[in-house]
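The structures considered in this document are given below.
Two complexes are shown next, each including chain A; its partner changes from chain B in the first to chain C in the second.
Let's turn to the complex of A and B:
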């Protein structure tokens, strides 16, 4: 991870710790965000992602924190009301006693902006989220998707440096969520605003983010662009969370070779692949081969079985619409191999090969910080 | 029932839930309830109004229409008791509101300890189990010239303070104490319904604590505030125990007048006084709702709660 240099850094969090009684909410989290970046905090519930967001927004005070800067300003101890960021809440948190326009105008109203001026800004913010003409609706007359757009307009209208989004699409149905993902992304590019986005959906994170901070038990396990989380996971947890289909456990059988490769002994088979763990591999320590379903090659006939190959036989075939997932049975367990159509599966399958550069080997300890 | 109707009824039934059918089947219950309510509440009110147009001669009620009772009410200046009572009731309600709202706000949004909150709520409920007279009369022993307060004051060399009992102060004090929970509860309930996330959102959008209170919490708690005011104002208008016990003969309020008219078997006068109280209350509530209607907020709040 390369730190954004000071000039374009819009947010800096250093050594944030937070406890709820005896429960650790955040465990020494540091983070740097570039201006205009779309950063996602990804993790299961309880991983600390929302706590981190609320600390940035000022809605939660951390137990201890070494630095917290928004733009050039140290905002430790600054109340939420005076921080240059706004939040879009999961449950919308719209004021039920106000109209759509009054909700959007709220941030301007408390700043003493004149009624005509704030109405004009609200109208333009609402057109930005495609809600023109609904200014005078009551909140309870709106659908879930419309409510979240109002929440978005309300947060945008004061033109904050950073927009914090706390699972904003969590309450919407699948179809609407996908539409809103595209819209949010377009809006973020159009405004050039910094978005910090909390979600538990890896699919959502991959679609939208410039970088993803994968969180687990109050720590950032890996902070990297989406493709890196797939191609260079730092440990088994990351690969598993990102949905990599084939994880084969074993032990490290060689030291780090030139070119960054390492060998894994998986009992009945040996594999050579890129080492993507943070620390040097240790011979004999537990590790995992990470192979995405697109990568293994199916061999037929009397192909030689050796390093990076395992004997295989056909299992079930799962039709997925755009592609086919072929399950193959191997001595190291079932593997998933993805092909474009079922004709690509050889009838006389004898082995599966994993090319060394198409896979990686990672430590299988849970959550090592990067 | 025709064959077609029977068929339709038969077809309609399986689609409905049992509860739904039960309610549909017992529609007459609603009619009965409405009728009973009208008979038990509205009819006596009407009769009371009618009674105020009778007169009393000797200890007998003369059942012939006359405006004499109403005439006496205004001529003798007894109606002034009404305005005085109104003054006391409004003052007491205002004092209670000023004390109860911050208290309810703290209890609902500020109090972090669940144990403390439960304890306070329980303590606030206790007065509802006690009877008013005994609860009030004990203050005679505390506020009287020989009472606890004056004994303590005497201990530090201060003269006994006579104004503590049988005075306007004592009556106001007794009523504030008596009706404090009636104001706190509805306000507390409505504040509990205000989502903490809304407060967080307002803060996040840049509102100061005072702006959060004025723009978010107050409008959303308005139904509870209105309920609290009604639950306090109406009984204080009719209160006669506290003025009698703590006011002595120095403070005569409407409730006492009605009570003494009844003791003297002057039913028409009691009826006229009661009708007068009713009229004052109706006018007050009317004013309250006109003011609230203007702000538009409460109607929206009710609409929001209803959905």
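Let's turn to the complex of A and C:
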């Protein structure tokens, strides 16, 4: 991906490494974020996403790092208290002995802002997160969603350049989480603030992000806009993590052709599709065909079975509300084909075809960095 | 299984057990408080060692007021106890916070708490041997205070550590992240939340020191604390016993409101706006 150029760059991390004893927390991570961007660090627990966030915020000191800049300032060695960013913590971390307003005012209070002024700013920050009138509540009187908003207001009130959010919606129930996603996004656009957002939910990452940094075992596997993670995954791990439904393993059967296509031998079938791996494909090396469920075409009657098609028969049908997932059985394993309603499934299904430009082929290796 | 569980509950809620629990609790409370109340009553008795309150008199209080011998021990006991209380609060807080940041605090804590189980006379004798005979130091109030700190510190540490196990470390991260200096992190976040334990540690230090006898006996040098004085008077001079009753009464009457004030400070909700 193209990195933001220096003028609009608000955060730069270069070659960050971090170890916890023998465990590698971060393995040579570099990252560049532009002003006003919503960047998500996505990954399973232990992938290093929270460690990276804490290093940016100054709550953790990396084992080694070549550069760490917020705005124009080199913040290596600068304590958390003096960095131009604030964090919305997982589980909120609100001060239980303070009222809502006192929590929000905290950042201003430690900066020596006069009481009347900080109260005024707290009131306006609380109205921004739609908590007007709850200034004098105690924290234990608030619901989970309200606490989350207090945490947000507390981090916003000092107007940091970057807001770091560590799984902020993790503790909320499904419904509230979706509402808060929309609200957070609106707030970010309204303030034009840079958000760096940690989550393990790919659905949340896709909904909210300008770009996603998908992390695995302390590395950024791919850093790209959400649609690219689906359309141009760099390896099998990315496609799998993003929830692409059909992954068909095989070996590379041709060199890279004109137009970026390559052929995959999946044993009983051969496919031609776009190569989206970073390095040149090697004939005979393990690779995977990645096909989103929306893409295969179901054929009926005596359709020819050849390159990019496999004989198929109907399996179970899963009704998903907005669409229908039709499972088909093929020699290369079961595949999921998504259609808008069940009448689109031909009763006399004979084959499934994967158009070359509707799928991609990626290296089989799990976790190597791009 | 269900039936068994139900029977267990029925067994536990049977009236006889509830009554037994209630009455043994009351008996213990009575044993703790009645003798003190009785001692206070007898301090007004003309013949306190007879066991009969009547006739009432204020004679012992007047004698106590006229007597000057107990004043110096009282003053040194109070001064020592205050110092011990302050030391326990400070050391307990610093050490407790440090210990809880260790990966495995268990061993350190265990080692720190072990001296609780060594008899006071043994510790007193050992300290005497070490300070007086090995180091050749002149013992006095300072060594009594030292012995008391060693005695009360495990209690103080325990209090702070128990409070810290319930303390959410992310609050410290949050405070730092929001711009608080280490000093502000402590005073705005840690102190208000740990205050009950820190004040409790000081109180334990004060009261354990104020009534401590076995260590003081070895470490006193030529100075005298209140427990040493009262013990000596009670065992040597029967005539002093009534004054001792009056003194004990005064101590109880002064300490209980003091305790109430301390508890109020320790557990009141944190001050709202500063």
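Assume the second predicted complex is superposed on the first by the 370 of 370 C-alpha atoms of A that agree within 3 Å, B and C clash if a C-alpha of one lies under 4 Å from a C-alpha of the other, contacts with A are read in each partner's own complex, and residues count from 1 in each chain.
We adopt the following convention: a residue touches a chain if its C-beta (ideal position, glycine included) is under 8 Å from a C-beta of that chain, and two chains touch if they have at least 3 such contacts.
Treat the numbers as computed from the prediction; the structure is a model and nothing was measured.
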{"item": "Three-chain arrangement built on chain A, chain B and chain C clash or fit", "value": "clash"}
{"item": "Touching partner for A:81 - first (chain B), second (chain C), both, neither", "value": "both"}
{"item": "Chain B versus chain C as contact partner of A:186, first or second or both or neither", "value": "neither"}
{"item": "Touched partner set for A:115, first chain B, second chain C, both or neither", "value": "second"}
{"item": "First, second, both or neither for A:140, with chain B first and chain C second", "value": "first"}
{"item": "Chain B versus chain C as contact partner of A:96, first or second or both or neither", "value": "both"}
{"item": "Which of chain B and chain C A:59 touches, first, second, both or neither", "value": "both"}
{"item": "Which of chain B and chain C A:67 touches, first, second, both or neither", "value": "neither"}
{"item": "Intersection of chain A interface sets (partners chain B, chain C)", "value": "57-59, 79-82, 86-87, 89, 91, 93-98, 106-107, 109-111, 154-155, 158"}
{"item": "Residues of chain B that touch chain A when the two form their complex", "value": "195, 197-198, 200-208, 211, 215-216, 219-220, 297, 300-301, 303-304, 307"}
{"item": "Residues of chain A that touch chain B when the two form their complex", "value": "57-59, 79-82, 86-87, 89, 91, 93-98, 106-107, 109-111, 138-140, 154-155, 158"}
{"item": "Interfacial residue positions of chain A with respect to chain C in the complex", "value": "57-59, 79-82, 86-87, 89, 91, 93-99, 102, 106-107, 109-111, 115, 154-155, 158"}
{"item": "Residue ranges of chain C touching chain A (in the complex, touch as defined)", "value": "168, 170-171, 173-181, 184, 188-189, 192-193, 269-270, 272-274"}
